[in-house]
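Each of the next two complexes has chain A plus one other chain: chain B in the first, chain C in the second.
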Partner chain A sequence: MAYLQLTDLRKSFGSTVAVEHFSLDVAAGEFVSFLGPSGCGKTTTMRMIAGFEMPDTGRITIDGEDITHMPANKRRVGMVFQSYALFPHLSVRDNVAFGLDLMRMPKPDARKRVDEMLDLVQLSIQADRYPHQLSGGQQQRVALARALAIQPRVLLLDEPLSALDAKIRDELRNEIRRIQLELKITTIYVTHDQEEALALSDRMVVMNAGRIEQIGPPAEIYNHPRTAFVASFVGTQSTLTGALTESRDALNLPGGQTVRFGTTLTHRSTGDSVTVHLRPEIIMLGEGADERNTFRGIVAQVMFLGSVVRLLVRADGHTLAADILNNPALRVPQIGETVAVHFAAEACHVL
Partner chain B sequence: MNRPSQPSVAPALSQRLANAPWWLLVLILIGLFAVFQILTNERSTTIFNAISRGVIVTVRTTLIAYVVALVIGLAVGLARTSSNKLIYNVASFYVEVVRGIPMLVLLLYIAFVAVPLAMDGLNRLGVVLGSAWLSALTPRNFPNEWRVVVGLGVAYGAFESENFRAGIQSIERGQFEAARALGMSYFQTMRFVVLPQVIRRILPTLGNDFISMLKDSSLVSVLGVEDITQITKLYASSTFLFFQAYSILAFIYLTMTVLLSRLVRWMELRLARGRR
Partner chain C sequence: MNTRTSPVSRFISWAILALCVAYLTVPLITQFDYSLRMRRNTLSFDAYSKVLAIPEGSVELRQTTRGVTLKMPRFYSSLAFSVLAGVLTIAFSTLVIVPTTYWVHLRLPRLKPVLEFISVLPFAIPGIVLTLGLLRTYSAPPFALTNTEAGTMLMLVGGYTVFVLPYTFRSIDAGLRAIDIRTLTDAARSLGANWATVIWRVILPNLRVAVISASLITFAVAIGEYALVNFLFPDERSFGSYLAAMGRNKIYEPAALTIISYLLTWGLVLLIQRIARGTSQPSASIR
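Let's turn to the complex of A and B:
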């Protein structure tokens, strides 16, 4: 039985349909992220769960209770905003205690809870400061502590890290996951950063233009994208499009070259246009053995990404991205150099 | 870091003289002269004593009307940010009507039209309810000073409501939503999250409006309320000492407003320093 259940939600603003046919079951303690391009309806969906938007149709239940039309302040849902939204006139401690005072929790208990929360987000020392005396990362920790203090049934985070710089972002990201696992709190996390979603989630919901494209664990989304949109949005991609051969296990590119993809597309017919999606990590430098697909081309760009070096190779009018693991002993090809790249037929993802 | 030290050229004396607040000096001199006159010239002393009886009336009507204006302003300001269309429209009607009528006309209208009408209404209500007290009420039961308070309060209520509305709208949406998610009702959100921030932001404006109101309270002399302006008018026309009487009147207003605006300025600086 799902803990948080969204059934066929739809929300429009005037003539814009922000979200439609949105159904999702979230298990208790699960971490689910919504991933998608700007304007795809992530925030709108989250705001419907929080009670800040009313769905046109559909149903939302938490633990079996229908909350579709319940006012936001009765839902006991924790919310963390991109802009922190701390109360500037209250100290850190009072910000965190805010929801507890409302619940009429006895003072000593509330104090204990606040201390626990500040401890959890490692801000005990700053308890008596005011929000404007804290860094962005610290402010977001306070916001997290404030949302968690009321022991919400569901925690909602809307791009909580996008206002922070890269280093703090990674640190806080891991922190959020640690706390989430520790408290076993059911969490919805909105982001348009695929790396964040892949790193944090138990499951991901990839959205596009108000609809769900695919739901699944990160590995499944990454390795087995079901739509071209998911394939291209998650993971940088090279694509090769051509006509299906007679054997239906390869395609002919317009330039004449054949790409074999290791499966037989029994449900497609010869001559159909098919596309293979290639992850950069499966494309290797050098000539492949006989059963592999090899392309020869010119290095157009070299990007040093730290643990890997990404090469963009132009071959027959196609651009192939190839990652090679970084290694100080390695000689990295230069821009303009002619190289060969290859990839295994089985590594092709055909859509 | 080897920056050449900033050459400390003292601004030329002539420039410093040109930039000095001469207006303040002149004002202080006039003030000193006025005080000197009031203390030493017997006639001026008499005039001053006569007029300053009215200070209590001026201050009292202004203070009470100001409180009325703040209460109206807060309520109407909240109504103007309401998503309820009826509440919004009723509030907007009030604000637009009041802002479009000159203060003097508004005071006359409230004193001579609105109050009698309201009394009439109460009389009718008294008949319906069978209350002898209500049906016996006449406009005479509503002293002029009360009408003044209602008039100034209603007029300034519209201005204050605009301050509150702008203040509330300047608070970012996240503040409302964070409060709601933590379990607050609409009124709790306003009371504990929004208004404390709004008041911090609009306090200087509220202070300046108090000063404006103190000045506008001189209009109540047309209703015969014995504030300092009315006393001066009566005194001057019976003694023909126009110059001295009106100079002392202006001096009294100026003293009050200059002191109050210093106070507002001080408040502003304190708020700016503790800006959160």
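Let's turn to the complex of A and C:
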């Protein structure tokens, strides 16, 4: 039985439907992230779990207990906000102790718990400072310690890293995962940064316009997107759309070229419009062997991304993104140069 | 663009400024001068000692049928009465205005204009009309508040709360705008706080400066107010009544009292600035 269970949640604000048909089972200790574009309902779903919004319909249970209509302060669900939301008038220590104090935990026990939490987020020496004396990253650590101190049944994080610098963001991201694994705490993590979601999660929920598009582990979401939205939202994609051939294992592009893909689409008929999705890492530079799909085109853009160099190649009216692994000896093609790119039929993802 | 002002316009600016300063200070200076002239042909603080003096035997604890009462010179007893009224008003208006404004900000933002309209009504309605209206309504049945001492005090406090509403509301409204009440509330709620706890332990401490400055204005009003308090307590036990009585009966003392109340008010203003500076920390939070 799932630990956290969301069943057919729906929430509307006036005439806007923020979330609907949202069902999700989260196992104890699992790290699930909600990924989706702005306004797709991630925060709204999270706020329903926290008890800040009441769903119009649907049910929320934690460990078998129905909490759908339980007030937020009774739920023991910890929350970390993008804006940190530390209490400005309290020291770091008192911020972390706030929830324990409300639980009427005896002072010595509370003190011990606070020390443990500050230790966990590596902020023990800043214990007596005030929030305004801390950096953004440190403030967010305090917020995490504060949420964890009450030993919540579920931890919710709503874009906790969005307000931070790239460097701090990576550091804190790893730390959140380390702590989550150490405490085995059931966690929901909202983000619109796909890299973050892919790196951290046990499972991801990709959302669009208030609905779930796909639920699955990062590798499955990335490699086997089930909808065009997921394919294009997660990772960079090139797409080629054409008419299905008679053999139903290839398509003809409007320009005349044929693209073979590894599977036979038995449930589609000849002439249907079909789209293949191509990840940049499967497209290689150069002339491919006969069984591979080869395109010739002009380099439209060169992006140096560090570990890879991304080329945008315009061929036949299509733009194909190809990543080449960087090394110091690499000769990077120039903009305007004519190049060939190729990819394996099996690497095509057809939707 | 004209960046240099001509000597003429500069002279005019200075002249206007000087006039304003004179308008405000000349009466004060003449009052001060007058207050020092109680003793003939020489300057002295006699008027001040008269007002502030505590003659022997004038302070006395008395056991009466109504309990223990403290008798003291009128300057002190009336000041104490008005300070008490001020303190009660501060407590009462904070208790009413903070939760109301907070709730409107958080849950009923559409009612903000209504609240603002109500808050400026005491400005728009002449004080005497307010006073008579309050008296008419609450001293008659079904309220009949003036029948008991406590009820009368409640009416006074309620009246003062209305008189200072434009200031207190504005101050607290600005204070609430300055903090992210929505997220702070959510954070506190998720940590187990009920609504009363949220207001008492999270919102109020972060409104410290706003509440204190509202309080000091309330205080100043409570100490100087005459009309309402004189209707409610015709025995002239308030500081306002005392000032008025002095003005009727004495020559030099009222001038001294004017200076004393002026200094009291200034003390309060300085206190406001002191406290506001003490807590205006640079906010490191990200918007």
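We adopt the following convention: the second predicted complex is superposed on the first by the 351 of 351 C-alpha atoms of A that agree within 3 Å, B and C clash if a C-alpha of one lies under 4 Å from a C-alpha of the other, contacts with A are read in each partner's own complex, and residues count from 1 in each chain.
Quick note on the criterion: contacts are C-beta pairs under 8 Å (C-beta built on N, C-alpha and C of every residue); 3 or more make two chains touch, one makes a residue touch a chain.
Predicted model, so just to flag it, every value in this text is computed and none were measured.
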Taking chain A as the common reference for superposition, should the pair chain B and chain C be classed as clashing or as fitting? clash
Under the stated touch criterion, which partner chain does A:150 make contact with: chain B (first), chain C (second), both, or neither? both
Looking at the overlay, what does A:81 touch: chain B (first), chain C (second), both, or neither? both
Go through the superposed model and pick first if A:298 touches only chain B, second if only chain C, both, or neither. neither
Which partner, chain B or chain C, touches the larger number of chain A residues? C
Counting only touches as set out at the top, which of chain B and chain C does A:136 meet: first, second, both, neither? second
Give me the intersection of chain A's contacts with chain B and its contacts with chain C, in residue numbers. 50-52, 71-79, 81, 83-89, 98-99, 102-103, 130-132, 143, 146-147, 150
Per the contact definition, I'd like the list of chain C residues that touch chain A in the complex. 179-180, 183-184, 186-194, 197, 201-202, 205-206, 208, 281-287
For the chain A and chain C complex, residues of the former touching the latter: 47, 50-52, 71-79, 81, 83-89, 98-99, 102-103, 130-136, 139, 143, 146-147, 150, 152, 163
Could you list, by residue number, the parts of chain B that touch chain A in their complex? 172, 174-175, 177-185, 188, 192-193, 196-197, 200, 275-276
Using the touch definition from the top, list the residues of chain A that touch chain B in their complex. 50-52, 71-79, 81, 83-89, 98-99, 102-103, 130-132, 143, 146-147, 150
